[in-house]
Structures are given as structure tokens and as C-alpha cells.
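Input: structures, listed below.
What follows is chain A paired twice: with chain B in the first complex and chain C in the second.
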Partner chain A sequence: MHNIVPLLLPLEGDTSWPPSAASFNSRPLFPGLGIDWVNNHMMQAVIGALLVIAIWLIFSHRQTVVPGKRQFLGEMAYNLVRNSIGKEILGSEFRPFMPYLVAIISFILVNNLFGELFLFMFPTFSKIGYAYGLALMSWLLYNAVGIKKYGFGHYMKKMTLPDGVPVGLWILIIPLEFISNFVTRPITLALRLFANLFAGHLVIMVFVIGGTMLIESGTLFYAAAGGVSILFSFAIFALELLVGCLQAYIFTVLTAQYVSSAIAEEH
Partner chain B sequence: MLPLELNLGPLLPEHLSEIFVGIALFLIVWFVVAKKVVPMFEATYAERTEAIAGGIEKAERAQAQAAAALKEYQEKLANARQEAADIRAQAQAQAADIAAEIKAQAAEESQRMIASAKQAIEAEKAAALRELRGEIGGLATNLAGRLVGESLEDDDRIRRSVDRFLDELDSQKV
Partner chain C sequence: MNDQGQGITVVSLLLAGLLLYGGAGWLLDSWLGTRLFTPFGLILGSALSIYVIVKKMGGVKS
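On to the complex of A and B.
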């Protein structure tokens, strides 16, 4: 039974009881060389990126007006982003943002699905650094787009002072809007993604590590409870599958939403 | 001074490099998607839209051509009908002309016949008159001679007076 943990949790730093933040620690690929940033989770992210690129290149390779099965599948995926996120939120201005939206949703989705994929069984974005990175990118994107369209001064005014606010409330509204639009947005974007995957994976670890410990305890009753616990972890895996897709979608929708609010015409 | 050190727990990245690795990987994905994937999909969509629009346009063109052909055909038909009507009218006019001409000719002919008949009658009448005159002169002189008792036949004077008398008679009659 002691091989369940390496099978279900192959990339964890620490599988001792109880699972904690330390369980998410990365293992350097070349220990002793002092380059601990080259670690198993970084390799997983690299593989994720390559996988995303490969999948999209396969989908977009040699397209025809009348699509085949491969192209049809690709178009379904692409259209989900194009129509239900791009066109829906950004309207007619969606086209320049399509690469960003497609890239971000697929990069997050593939890395989230790694949490339920054998060999990996670890969601990359439960390492908060990666989530910070992407949130920073989205923050830069929507601010850059807004500043490019309106100029810095006009953009700051538009983002911090909604129309029709009485002068007396400016002192209250301006800092609130500033915090809301420039501070809260990127932080919540990163934390939402990170926390969902971190918490989900932590629950899985509790069931897998705890279940294994119960099975190995030697007591029949505990072992039975441990078996149920392992089975239950599969249910959590299924739930995490859903959460992973949902979070990729939400991150993308919010990015599009922020871009839309940055370039929206004032009323 | 208060220590500003804040224990972020799991919110602090284990390695700061994660942020940069995440950004770098994302930028690569973004670049490839922007250069290869999205243009390809959008080009295909544009091509498809064009193909559909082109098909519709072609159908519309064909329809317009058919309508034009129909119109032309109808115009030709109308022209042909008009032409036929014209020809018929012309023929009728010609027939009427011919009939009138024939009638005129016939009238002229009959006129001419009447005239010649009249002439013949005149001539006959003149001849008869001439004959009659001669005979009347003879008869009259003969009668006068018998009454007088001698022949006056070969006297030129008498003949002339008879003629004068007859001429007077003629002029009275006319």
C-alpha cells in the first residue's frame, strides 16, 4: 500500500502527516548545484507550455474552409474563447485580444488539469508564484491598453472617478476606486486561482496521505476507513477537474472584463 | 521602529523565480498563439465567410441574369407581337388600297365603256342623221318636184337651199 502515495502524489515536496504548505515545496532537479529554481514544478510548467503550443499548432495546422474532425475540434475550443468570452465581453474590439485570451485560458487549463493527470498529479498554479506571474500579465495588459487608448492622465481619471460623483465624495471615491481597480484586481485574480487549486490539492493530500496511513495502521477498522478515504479522494479529484476548468475560465473572463472596462467609452 | 516583516505563509512564493518562469512561459505561449494559431483560425473564418457570401452573391447574380433573360424574352415577344400586328394592319391597308384601286379601275373601265358606247351611239346617230338628211333632202325635192311638176333634182341651188333649211332645222333643235 505504500506505493499509493508516490502514484497519486508524485511531485509533492513532503508527504508526511499532516499535509501543509511544506507539502507543496518543489524538489530541485539538480540538487547540490545551487540552482533550486530548476525544479520539478518548473519542469511541469515548461511541459505544460509546450503541450499548449503543440495542441494549438496541431489544431491550426493546414486548415481548410470545410473543417475535418481535428480542425472541427480546434474550432470548437477556439470558438468557446472567441464567442463566449471575446465577442461577448469585448464586443467588436475582440480581435486583438484573442491571442492573449486563448493563450491564458489554455495555459491555465492545461496546468490545472495536471492536478488530475497521472505522472504529474499536481496543479502548477497551487504554487503561488505562477499565479502572481499571470495576474501581473493581465494587470499590465488592461492598464497598457487603457493608457494607450486614453493617455495616462485621462485613463487614471476614468478609472478612479466614475461620472456623476459629487465633488464632496471625491476624497472617498478616488482612493476606493484606485484600490479596487489597480490593487485588488490583480491580487484577487492571483489569489482566486491559487487558493482554489491549493485548497483542493490540500484536501486531496489529506485523503490520500491520511488514508494511506490508516490502511498501513494494521487495524482492520482503520484500514477499511482508509480505503474509503482513498476512494473519496477520487471524488475530490473529479471535483478538482471541474474547479480547474472553472478557474481557467474565470481567470480569462475577468481578464477580458478588465480590458473591456479599461477601453470602454465613458457614458 | 516596528518590524514590518509579514508572514505571508503560502502566499509568499517558494522561489521568486516562479513568477518569472510563469511569465516567460506564458509569453512564449502568447507569442506562438498570436503568430501562428489565431491568424490561422481567423483567416479560415474569413475565408469561410467569403465563400458563403460569394456563393450567395453568385446565386444572386444567376438570379439577376435569369430575370434579365426573362425580361428580354418578354420584350422580344412583345416586339414580335407588335410587329405581327403592324404587318397585319399593313396588309389590311394594302388590301383596302388594292380593293379601292380595283374598284377605281373598274369604275374607270365602266366609265370608259359607257363613254365609248356613247361615242358609238353618237357616231351612229350622226351617220343616221347624215343618211336621213340626204334621204330627206331627196325625198323633199322629189316631193316638191312632183308638187311643182318638174324635176329639180340636179339643180345645185335647190340642193343648197334644202341644206340651209335642214341646218336651220338642226340649229332649232339644238
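On to the complex of A and C.
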């Protein structure tokens, strides 16, 4: 029974009971070489990025006018992002943002699915640093396109001052809008992704580690409860599959939304 | 702006109002040693947030 935990939770820093934030600690891959920042979770993110690049290269390789199965699949995936996110939210200006949107949804999706994939079994974005990194990229993108379109001064005015606010309230409203658009937006973007995956993975750990302990307890009744707990963890894995896809979609939709609000015409 | 975007903007504004003016009140309180400004700041922050939300997306638009 000892080998269930390493099989279902191979990348955890600490599998003692009860699972806690310490269970999410990374392990250096090459300890003692002075490159401790190369840890298992970072390597997982790199593998995820390489996978995304490989998948899209395979999809787009040797394209023909009449698509074959491989190209058809790729076009379907691309069209899904283009039509339901790009065109829907960004309207006619969607084209320059498609590479970013497609890249970010596939990268998040692959990394979230790592949470349910053997070998990895750990969603990369349950480490908050990775989520902050992604949110920072989206933040740079929407501010950059806004400044490029309107110029710095006009963009700041547009983002911090809603129409029709009387002059007397400006001093109160401008900091409020500033914090809302430039601080809470990226933080909530990152926290939403992180918290969903962190919580989901923590629940899985409770079921798997707790179930294993119950099975090993030696009492028949406890062992039966532990077996049910391990079985039930698979239901949670299925739920996490859904959450992973949903969060990848939401992150991309919100990025598109922020870009759209940065370049939208005033009305 | 679509419905999803509006929802996110509302949440973000409410959080910003509470954080900014609640935080300012808390700072004032810990500076002056009073206990008055934190609740005042929190209420002012939410009121301003709601004001901005109504300004931004209130009224009936097609």
C-alpha cells in the first residue's frame, strides 16, 4: 500500500499528515550543485511550455488547403479560441492578440492537466509565483496596447476617470480607479487561477494521504473507509479536470477582456 | 463590455475601494492611536466604489 502515495502524488515536497502548504514546497533537482532554483516544479513548467510548442508545431506543420485529420484538429482548437474568445470579446481588432491568447490558454491548460496526469500529478499553477508571472504578462500586455493606442497621458486618464464624475470627487475617485485597474485586477487574475488549483490539489492530498493512512492502520473498518477514500479521490480528480479546463478558459477570457477595456473607445 | 467583464469590474472596484480607503483609515488609526477611521474608511470606500460602478455602468444601455 506504500506505493500509492508516490504514484498519485509524486512531486509533493512533503507527504506527511495533515497536508499543508509545506506539501507544495519544491525540491531542487540537482541538490548541491549551486543551482537550487532548478527545481521539479520549474522543470514541469518548462516541459509544459515545450509540449505546447511541440503540439502547435505538429498542428501547423505542412498545411494544405484541404485539411487532413491532424490539421483539422488543430484548426478546430484554434477556431474555438478565435471565435469564442478573440472575436467575441475583442471584436474586429482580435487578430494581433490571437498568438498570445492561444499560447496562454494552451500553456495554462497543459499545466493544469499535469495535475491529473501520471508522472506529474501536480498542477504547476498551484505554486502562486507561476500564477503571478502569467498575470504580470497579461498586465504588461493590456497596459502596453492601451498606451500604444492612446498615449500615456490619455490612457491614464481613460483608465482612472470614468465619465461624468464631478470635479470635487476626482481626488477620491482617481486613486480608487487606479487601484482597481492596475493593482486588484492583476492580483485577482493570479489569485483566481492559483486558489482554484491549490485548493483542488489540497483536497486530493487529503483523500490520497488520509486514505493511505487509513488502509495502513490495520483495522478492517478503517481500511475499508480508506479504500473508499482512495476511490473517491478519483472523483475529485475528475472534478479537477473540469476546474483545470475552466480556469484556463477564464484566465484567457479575462486577459482578452482587459485588453478590450484598454483599447475600447470612450462612449 | 459584456456581462462577464462587468462582473469582474464590479468585484475589482469593490475590493479596491475597501482596500484603499479602509487601508488609509487603518493607517490613520495606527498613526493617531484612534479606532475611528478604519470603519469610516471602509464605509467611504464601499460607497465610492458603488458610486463609480453606477457611474460606469448604471442606466439602461442597449
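Please note the rule applied: the second predicted complex is superposed on the first by the 267 of 267 C-alpha atoms of A that agree within 3 Å, B and C clash if a C-alpha of one lies under 4 Å from a C-alpha of the other, contacts with A are read in each partner's own complex, and residues count from 1 in each chain.
In this text, a residue touches a chain if its C-beta (ideal position, glycine included) is under 8 Å from a C-beta of that chain, and two chains touch if they have at least 3 such contacts.
Keep in mind the model is a prediction, meaning the values are calculated, not measured.
**Student:** After the superposition on A, what does A:Leu134 contact: first (chain B), second (chain C), both or neither?
**Tutor:** In the superposition, A:Leu134 contacts chain B only.
**Student:** Would you check which partner chain A:Phe59 touches, where first means chain B only, second means chain C only, and both and neither mean what they say?
**Tutor:** first
**Student:** Please tell me which partner, chain B or chain C, touches more residues of chain A.
**Tutor:** B
**Student:** What is the contact status of A:Pro175 with respect to chain B (first) and chain C (second): first, second, both, or neither?
**Tutor:** second
**Student:** Would you sort A:Leu191 into first (chain B), second (chain C), both or neither based on which partner it touches?
**Tutor:** In the superposition, A:Leu191 touches chain B alone.
**Student:** So, A:Ala49: does it touch chain B (first), chain C (second), both, or neither?
**Tutor:** So A:Ala49 only meets chain B here.
**Student:** Which of the two partners, first being chain B and second being chain C, lies in contact with A:Ser92: first, second, both, or neither?
**Tutor:** In the superposition, A:Ser92 contacts neither chain B nor chain C.
**Student:** One more residue to check, A:Pro162. First (chain B), second (chain C), both or neither?
**Tutor:** After superposing on A, A:Pro162 lies in contact with chain C but is clear of chain B.
**Student:** Regarding the shared-chain residue A:Gln257, is it in contact with chain B (first), chain C (second), both, or neither?
**Tutor:** second
**Student:** Pick one for A:Val183: touches chain B only (first), chain C only (second), both, or neither.
**Tutor:** A:Val183 contacts chain C only, not chain B.
**Student:** What part of chain A is shared between its chain B contacts and its chain C contacts?
**Tutor:** In chain A, nothing is touched by chain B and also by chain C.
**Student:** Along chain A, where are the residues that touch chain C in the complex?
**Tutor:** Contact set of chain A toward chain C: 88-89, 162-165, 169, 172-173, 175-177, 179-181, 183-185, 188, 253-254, 257, 260-261, 264.
**Student:** Quick one: which bits of chain A touch chain B in the complex? Just the residue numbers, please.
**Tutor:** 21, 24-26, 36-37, 39, 41-42, 45-46, 48-49, 52-53, 56-57, 59-60, 63-65, 67, 71, 74-75, 78, 82, 95, 98-100, 102-104, 106-107, 127-134, 136-137, 191, 194, 198
**Student:** Touching residues of chain B toward chain A in the complex: what are they?
**Tutor:** 9-23, 25-30, 32-34, 36-38, 40-44, 47-48, 51
**Student:** Flag every residue of chain C that touches chain A in the complex, lowest number first.
**Tutor:** Spelled out, the residues of chain C in touch with chain A are 1-2, 4-5, 8-9, 11-13, 15-17, 19-21, 44-45, 48-49, 51-52, 55-56.
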